[in-house]
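Two complexes come next, and they have one chain in common, subunit A, joined by subunit B in the first and subunit C in the second.
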Partner chain A sequence: MDSSGVQSRVIVITSGKGGVGKTTTTSNLSVALARSGHRVVAVDADIGLRNLDVVMGLENRVVYNLIDVVEGSCKLSQALVRDKRVDNLFLLPAAQTRTKDAVSSGQMEELCSMLREEFEYILIDSPAGIESGFRNAVVGADEALVISTPEVPSVRDADRIIGLLESMEKAPIRLVVNRLRTSMVREGEMLDVNDVLDILAIDLIGVVPEDDSVVKSANRGEPLTLSDSSPAALAFQRIAARLAGDEVPFPKFDEENERGLLAGLRRLFGKKD
Partner chain B sequence: MGFLKRFFSNGGSKSVAKERLQIVLIHDRADISPEMLDGLRRDIISVITRYMEIDSSRIEMDFDRADRSVAFVANIPVIRIKRGVAPLRDGEQL
Partner chain C sequence: MAEVVESVENRKDLHNGADRAEILLKGTGYGVRMILPEALPDERLLEELLRFSGDAARLARGIGVVLDLQGRSLTRPLLLALLSQFVWTGDFKVLSWMSYNVDTLELLRSSGFSIGEPMTDKPERSAGSNTLVLYQSLRSGQRVEHDGDVVLLGHMNDGAEIYSSGNVFIRGRLKGVVHAGMRGGEYCISAGQFEARQLRIAGKLCSTLGSDVEWWGKAVVISLENDSLVARELKL
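Our next item is the complex of A and B:
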């Protein structure tokens, strides 16, 4: 429970495979949740490979980090970087010059309970892999978001991660399908959302379409959900709303509307979307 | 002819991807830990011994991985079948 008496939620964002969008998802969901009035901290648990700070555009204001807090070299409040663009949004950066062995599971659990005192949403950006860094990122979490792109290696690793999360009794475990390319799905050259759901058999919390604005926003250090209305930004806003418990319908990203004669004719005449 | 093929075909790389994933995950998921295999062994023994006396020292169990499927194979030597054991009713515990 945080200081205002609201039940806190610790949510780990994870994937197994690297490069599928954990950090992008963490930054965008954190911003979206804070903008809708929640008190949020984004925690970078990727010790030694700090990245959430640059994606969020807060790298110049990092002084202390997660390791300093768990080792008692600074107070929690000193290590939290406040995002000046959004009320109620903070970042707890990872250490860049230490290794993942610098923190233990026990320390991470303790850190999470400290953060619960202050925040309503604690979003933890997990490192790739299934080693100790992953376990430390997960240990203090109640629930999990698993990120997968509609590609074979990513789905396979997501399956492995889901098994580990289930054995650690995290619930709910929900899926984000990231970087879906509707035109490829339509052509039968990419797994669609239902294929991925069939295989992984967990609940879907959202689908993020492939969108160039994701790269641009990371270049600038401005998460899309700060202002943008690009397809990916809207998708992340919907996921944040669902996370907060709102019923948000799923728009059709996949080919379902595009099957049949009309779609066939369109393909015949080479019309691109 | 390319456009006709595109119009009528629905066998893009997606179906290959899905099939390959389903197969690889059967293998991945069958790769269970020794602890889980021990638990499975204990549970199977407790069920089987309700119906028959077995030589539990000579039980062999393992996963048999073929190209497109995985089978769980158990070889359990039977010493004696018990007489007149009623199967468990729904919800009844061992």
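Our next item is the complex of A and C:
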């Protein structure tokens, strides 16, 4: 519970393969949730490869980092970077110069409980893969978002991650399909959302289209959900709203989204649980 | 209700209960054996079966089912009710009926139903054989090793593995690696939807499978017979 008595949620953003959009998702969801009035911290648990601060445009203001906090070299409040553009949004940066082994799972769990005292949403950006860095990022989380692109290797690796998350009893585990290219799906060159859901059999929380504005926003350090109304920005806003418990319909204009929803419904009736 | 609570608790140790009042599924070489325990009174049997149809039965749908009535003395009204409300609804393909009650067998036989284990040319299951039933899907990176038969009531995704000394039954889609009969013997692998590139039974390996085989994506039983692998599509 945070200081205002709201139940805190620790949500890890994860994937099997690297480069599928974890950091992009973490920054955009953090901004969107904070803009809708929640108290949010984005935690960069990709230790040694920090880039959440850059994507969020906060790198110049980083002084201390996550490792400093767990090692007791500074107070949590000193390491948190407040985002001046949005109320209630903070970043806990990763260390650039350390390796993933610099922190233990016990320390990460402890850190998460500290953050629960302060925040309603704790979003953890995790490293790719299934090594110790993954476990550390996941250990203190209640729920998980798994990011996959609609490509066979990405889906297979996501499946592996879902198995691990299930065995660690994270729930719910929900899927974000990122970088969907409608034209390629139509030409049969890419899996559609339906195919991905069919393989992974978890709930879909959103579909983000391939969108050049994502790369531009990362370079500028301005998450899309700060203001933009590009297709990806809207998609991240919808995901944030669903995360917060709103019933947001999957938009009709996007053929793929709709199909994903249908598949979700079909699974609702077609799968044990 | 106390009864309901009890049956929920019983769920935890499904495989070793012969005397409990709950329908059991057992994987076999030919499909699923549904054990209808005697402890379940006639009037509740149908109720349980229908409840079952909604949920776990979806897993058994589309594959062959053997109805095992155990020692129950089957009455004509119950048989008729079973047929009209369960068997003829088409949710299940009933391969045969089993019972060790003489009168029950006589009633079934005289009504023209097939009795006993179907496909008797299959390898005999050793008494007391040990079956592992998994009520889940196996995902990439998950591996099951078991001395006995394995029944997976879910999908087996690409990158998952099952190693078994007996038969392997997969209700859903088979995309992972299965090795049945690890210590030799004429065992079989069955899948609700076969999409695996390779499989192994005893010392035989087949690694050239692909979408060009005619039963790709279909319900299949693959068995080792006279030292060669034989695939049979399950046309239901």
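Note that in this section the second predicted complex is superposed on the first by the 251 of 273 C-alpha atoms of A that agree within 3 Å, B and C clash if a C-alpha of one lies under 4 Å from a C-alpha of the other, contacts with A are read in each partner's own complex, and residues count from 1 in each chain.
Here, a residue touches a chain if its C-beta (ideal position, glycine included) is under 8 Å from a C-beta of that chain, and two chains touch if they have at least 3 such contacts.
Source: prediction; values computed, not measured.
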Touching partner for A:Glu187 - first (subunit B), second (subunit C), both, neither: first
Partner chain in contact with A:Arg156 - subunit B first, subunit C second, else both or neither: both
Partner, of subunit C and subunit B, that touches more residues belonging to subunit A: B
Touched partner set for A:Glu59, first subunit B, second subunit C, both or neither: neither
First (subunit B), second (subunit C), both or neither touched by A:Leu164: second
First (subunit B), second (subunit C), both or neither touched by A:Glu143: neither
Partner chain in contact with A:Ala201 - subunit B first, subunit C second, else both or neither: second
First (subunit B), second (subunit C), both or neither touched by A:Glu118: neither
Footprint overlap on subunit A, where subunit B in one structure and subunit C in the other make contact: 156, 159-160, 163, 199, 270
Residues of subunit A touching subunit C in the complex: 130, 156-157, 159-160, 162-164, 166, 199, 201, 270, 272
Residues on subunit C engaged by subunit A in the complex (per definition of touch): 55-56, 58-59, 135, 137-142, 153-155, 157-159
Sites on subunit B touched by subunit A in the complex: 3, 6-7, 9-15, 17-18, 20-22, 24-25, 28-29
Footprint of subunit B on subunit A - complex, ascending: 151-152, 155-156, 159-160, 163, 185, 187-192, 195, 198-199, 264, 267-268, 270
